[in-house]
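Each chain carries a letter (A, B, C, D, E, F, G, H, I, J, K and L) given by its place in the written order, and its residues are counted from 1.
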């Protein structure tokens, strides 16, 4: 079995809906330009507040993908 | 543009529904007494278990707001 | 009042649905063999990606329970 | 059961006696102005040295209390 | 000399007396069911407050013990 | 010598000039409403970028002050 | 596909040979009593020195295994 | 309002002048090839010493920028 | 002397042989597409277990390289 | 007022009595060879267990002292 | 090329002027007694406040130097 | 049994061979001038890259030794 090498990039997804949607937006966007995404790790969850309510959730994830040999 | 100063307070919201509801409860409560809330950062997610099920979610957030000049 | 002693174990729940479901799966499984679960603390949220979408969420929690005297 | 919201404040107690006394001083002082204190978490233990001996212990705790609805 | 393998478990002792008593309670309880305890490391010190005073100290320790070959 | 108790608050100063100015702004603002400020600890340095240049520095500090007996 | 739940335990392997041998000893010992080991994470590397040379390497790993349904 | 996705990259600027200049150099260089830089966070400050004096400051920042849809 | 700017990327090398081989694989792969690699920092060491033995070591490193002016 | 420079050293005190005694032993020993000790910070609390009881407490502190000009 | 060994010491410089001056004071003082200083890493930035203004900056750095063979 | 006091120093060993050799070099060098070395803890592993290959490994360890009474 070959010895794969992976790269991890750090991206922040935002969403007015919630944490999970913000993560899915981030990964969907990454999948447009990077093939072979394998895993993600949540590193920070925060958001903006407007008028006393959460306007945007912002979730930062590290996303790993396999580099081609 | 003026040089704003912000204060961050740490509050814990609880909810029997879930993480997001606990955060929204915390921010709704803070908005009752603090004006001009701007952002939040999740710092801890935990909860109580009763009878083998999650009874309450407890999410601690730091909330930032602008101080008036 | 007696001086209780608690043990904390670290378990990882997985789910194709989301973060909350993964945590509930982990706690439901722990409740099968451990009585008197009291609280949990989320320590890591990550997941696997397949075909550019999240296939499984994996959430690691520490779960505390009372030891009998 | 209502969904309580808690606030955590960070205070540093000092004592010439020891760690435990410094924490108790901090909590006693907080109890003068804040009602419904619920829990504390030790975040830092340090102190001043004079003449080769510990002159003051300084222990920083986060203290949580329930916010009224 | 054989290459020992150790296991570390995480337990939380409580006490109305203080930090040291809480740790000793935790270790005494662990010693009832685990033989050959070797060392401990304090990982968290916290407690509950009632009526403006500390009602219980809660100290979490990791305890290491040798596994039999 | 009395056993003082200190409170630490977390504030974020901003400045278009630099790190030091942002910290000084934060402390000057805190000094308007809190007496007896004693020390500060830098906890985060960040900023906004506009047009490829730093528009605002944002430095978060914890500021300690003595509580009156 | 079922939603697996995993447990993570923390074990310390020792070896007079080196880091890798200490980890392999720890995992070999765990495999004697736990089935279905899946992954490990190194959390601490240390050791004892005698006569100015390393006498034992001690490497602590978290080891994850699947819990049966 | 669309749900933006941001990428964070980690760069280290150096300067013989000081911390602020090292950060500005890092951001100026990033702005040459990346459009729409939005914010930065300082993650490490260090430097080289020659002849008992600081020869180069080296400051590592994470820089966030918006990904085009 | 010019003020160099460096970029740090995070990559994970795998190997069935050991830690050092996993790191060397990661760096050899990075060197195929990035010139002027300067330094690396180990950030995580983990691996997969199959049949009670380590099947793959996975070591994550940050790798720094000079950006051309 | 001159700009003092301080050095911090890391020492571990042990005691069969408890945490506070271990810290006091460490500082008393440091005071034998270093003048002008100013402050300490606790960085780790651990200990050895023999026969199911704590045999020695081991507390690591950083101790700061003023360097002469 | 020989395999150098370096020692890192932790020192705190103070200054009424600012962060950079405090670091330079620390390194200048270290250079009086230690030869072959090579690099430094900032580990903590704090200071004292008097009369609502920063009276002294206190910056702790780790400084590395080569040990002679 | 006397209450020993230990000092911990931080040293960085380098090696063109690998991690283990770098640690052994560091400890061998420390043993030249410090008697009664007892234990070490790895705190950082990094290295320099030249021509796409690892030229030097640099491993930082804390080393503890007993202070004479």
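The rule is short, and it goes like this: contacts are C-beta pairs under 8 Å (C-beta built on N, C-alpha and C of every residue); 3 or more make two chains touch, one makes a residue touch a chain.
Values in this document were obtained by computation on a predicted structure and should not be read as measured data.
Using the contact threshold fixed earlier, the set of chains in contact with both subunit F and subunit K is H.
Subunit I has its Cα centroid 38 Å from the Cα centroid of subunit E. Mean C-alpha position of subunit F lies 31 Å from that of subunit J. Separating the centre of subunit G from that of subunit I, both taken as means of CA atoms, is a distance of 23 Å. Shared interface positions of subunit E, i.e. residues touching 2 or more other chains, are given as 9-10, 19.
Of all possible chain pairs, those that touch are A-B, A-C, A-H, A-I, B-C, B-D, B-F, C-E, C-G, D-E, D-F, D-J, E-G, E-J, F-H, F-K, G-I, G-L, H-I, H-K, I-L, J-K, J-L, K-L.
Taken together, the subunit H residues at the contact with subunit A in this complex read 1, 3-10, 62, 64, 67, 69. Per the touch definition, subunit H reaches subunit I in the complex via residues 9-16, 21-22, 25-26, 29-30, 56, 60.
Residues of subunit D that touch subunit J in their complex: 18-19, 44-49, 52-54.
Across the complex, subunit J is touched by residues 19-20, 23-24, 27-28, 31, 37-42, 63 of subunit E.
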